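Heads up, the next two complexes both have chain A, just with different partners, chain B and then chain C.
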Partner chain A sequence: MNLLFKNKKITGILTILPANEVKFEDEMEHYNFSASKSLKLKMAMGYNTHRIAEKDATISDFCVYGINYLIENGLLKKEEIDALLLITQSPEYFMPPTSNVIQGKLGLKQDMICMDINQGCAGFEIGLYQAFMLLEQPEIKKVVLLNADLLSQKVSKRDRNSNPLIGDGASITIVENSESENTIFANIKMDGSAFDALIIPAGGFKTPSTPETGIMHEDTAGNFRALDNLVMKGDDVFNFVQTEVPPMIEDLLINAKINKDDIDYFMFHQPNKFMLNKLADKLEIPREKMPSNIVENFGNASGVSIPTAITFNLGNRLTKESFLICMAGFGVGLTWASLIMKIDKFNFNQIIYF
Partner chain B sequence: MGKIKQQIAELLEVDEVKENDILEDFECWDSLTILSIIALASEEYGKTLFNDDIRNAKTIDGLIRLIDN
Partner chain C sequence: MNQEIINILQEIRPEFDFSQNINFIEEGMLDSFDVVTLVTTLDEKYSISIDGMDILPENFASINSIVALLIKNGVKS
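Take a look at the complex of A and B:
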């Protein structure tokens, strides 16, 4: 489905990552594979270090820390926040929404909207689309888009398929109406028939957690995980991405009447370096235009991966320059979405550690 | 036939492979090798393969028939 948005802009991104850094080598002993095989995987996938939050940390801790940082540094005013939009798959409770918890902790005004959306790998795109729609309301001038996930808590340490790449973190993106005219071309597709390609099977209302759902089982590849753990069908996800993402981007470019060469950066979701390089090659995009360095430095924190790629790779340059970027998210759902927009002289674009 | 055998040999990190070699017997046989085979099949042969297809192929011959039939 094609989507179109007019006169919207991002005015700043802050990424909040855990201070705790874990090296691939330090976790190798948990895997049921020889060291040489694990090191080969590390090379091929571009694994190195990832950021893992403390066990008792919650997403509201990260979001509140980040918003307070912006307030204390004069980059955001409390009373300006008309909407808190939280995209997460690590909610603190089934009820209430975690965005309400954050609103309460911060002491924000009542005259606003809080909303949680359950999305993952395409969570930055979904969040932007929803923010753009909220901004059509005359009284909504500033949307604070929060992407936050602490999924490492749900990944088995003995799962070499998912553990080396998982990351934790949060990002805050300020979305506003633009005084100058612009058009944002976007699209989105979903395939719920493959809902179990990426799933945490137990812990919800359908299969509540019990002592049995916590028991580890070995899979055909030699990984150990329980029904309480996140499980990814790596082959299904790989095939899905290589099949669906290139045509989505080609369609988007045609629809926007923009040449591939005119895009400064392809800021894509960061599953691993292997998959991103394959995508760049298939799309005939120079690899340096598609950063793939987030998993090796921080891990993949789901919807936080694109804001992390933007803050890490563009940093302060984005407070002085402008770039035409194409973003794409793909994964859990299955969901895949992409958009092209100009990002121009942010008020801030940085990473902080918590 | 020669080309695909050579490509598979490279992924399995050996000089050459024989039709009746058993996939699981290769020293480097693991999920990464399987993913590399999935990528090869997708990029060069336009075939979508899954982990189970490859594990069930058992031998080099079975794998070649899967990728290039």
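Take a look at the complex of A and C:
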């Protein structure tokens, strides 16, 4: 499905990452691999360090810390926030929405919208689409888009498929109407028939957590995990991405009538370096235009990965310069989405640690 | 080329004999992470980029299938 938005802009991104850093080598002993094989995998996939939150931390802690940072530094005013839009798969409760919890902790006005959306790897795109739609309302001038996930708590330390790449974190993206002509070309696709390609099988209403769902089992590849843990069918997800993402980007470029060479950066979701390099090669995009350095430095925090890629790779340059960027998210759902938009002289674009 | 590929495979999984005419995947001699290492090594050695859509188990099941994959991705036989 193609989507089109007009006169919307991002005015700042703040990424909040855990201060706690864990090195790949320190976790190798948990994996059912020889050390040499683990190190080869580290090189190929780009694993190195990942940021893991403390066990008692929650996503509202990260979001509140970040919003307070912006307020204290004069980058955001409480009364300006007309919508808190939270994209997460780590909600604090089944009810109420965590965005309401954040609103309450911050003491924001009542005359506003709080909304949670359950999405992951494409959560930044879906959050932006929803923010753009909310901004069509005359009384909504500023949307605070929150992407936050602390999924390391749901990943088995003995699962070499998922544990080396997982990261925790949150991002705050300010989305507003733009007075200048600014057309955003976008698309999105979903395939719920493969809903179990990335899943936490137990813990919901269908299969509530019990002592049995917490028991670790070994799979055929030697990973140990319980039904309470995140499980990823890595081969299926890889094949899905390599099959669906390149044509999605080609279609987007055709629809937008934009030449591939005119895109300054391809800021894609960050599952691992190997997958991103293969996508860049398939799309005939220079690898330096598609940063793949987030997993090795921070881990993959789901919908936070693209904001992290933008803040880490462009930093303060984005407060002075403009870039035409193509974003793409792909994963859980299955969901895949992409958009092309100009990002222009943000008020802030930085990473802080919590 | 066959011997070069066997040497690469032996380096990845030294405990197996890849000169045998058997299915490497079905026999458990290569798992998906071995395939990632193999693709990275082949890409570097032959200065190619194996198409992501070709990274399927059946293309790494034997020396012949790996050779066919390399030829498909631009390596001269």
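Basically, the second predicted complex is superposed on the first by the 354 of 354 C-alpha atoms of A that agree within 3 Å, B and C clash if a C-alpha of one lies under 4 Å from a C-alpha of the other, contacts with A are read in each partner's own complex, and residues count from 1 in each chain.
Heads up, the rule we're going with is that contacts are C-beta pairs under 8 Å (C-beta built on N, C-alpha and C of every residue); 3 or more make two chains touch, one makes a residue touch a chain.
The structure displayed is predicted, hence computed values, not measured ones.
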Which of chain B and chain C A:234 touches, first, second, both or neither: both
Partner chain in contact with A:242 - chain B first, chain C second, else both or neither: both
First, second, both or neither for A:175, with chain B first and chain C second: neither
First (chain B), second (chain C), both or neither touched by A:40: both
First, second, both or neither for A:279, with chain B first and chain C second: second
Residues of chain A contacting chain B in one complex and chain C in the other: 33, 37, 40-41, 44-45, 160, 221, 234-235, 238-239, 242-243, 274, 278, 282
Chain C residues touching chain A - in the complex, by the definition given at the top: 12, 31-34, 36-37, 39-40, 49, 51-53, 55-57
Parts of chain A lying in touch with chain C, wherever the complex brings them together: 33, 37, 40-41, 43-45, 160, 221, 234-235, 238-239, 241-243, 274-275, 277-279, 281-282
Chain A partner contacts - residues on chain B that touch it in the complex: 28, 30-32, 34-36, 38-39, 42-43, 48-52, 55
In the complex, chain A residues that touch chain B: 33, 37, 40-41, 44-45, 160-161, 220-222, 233-236, 238-239, 242-243, 274, 278, 282
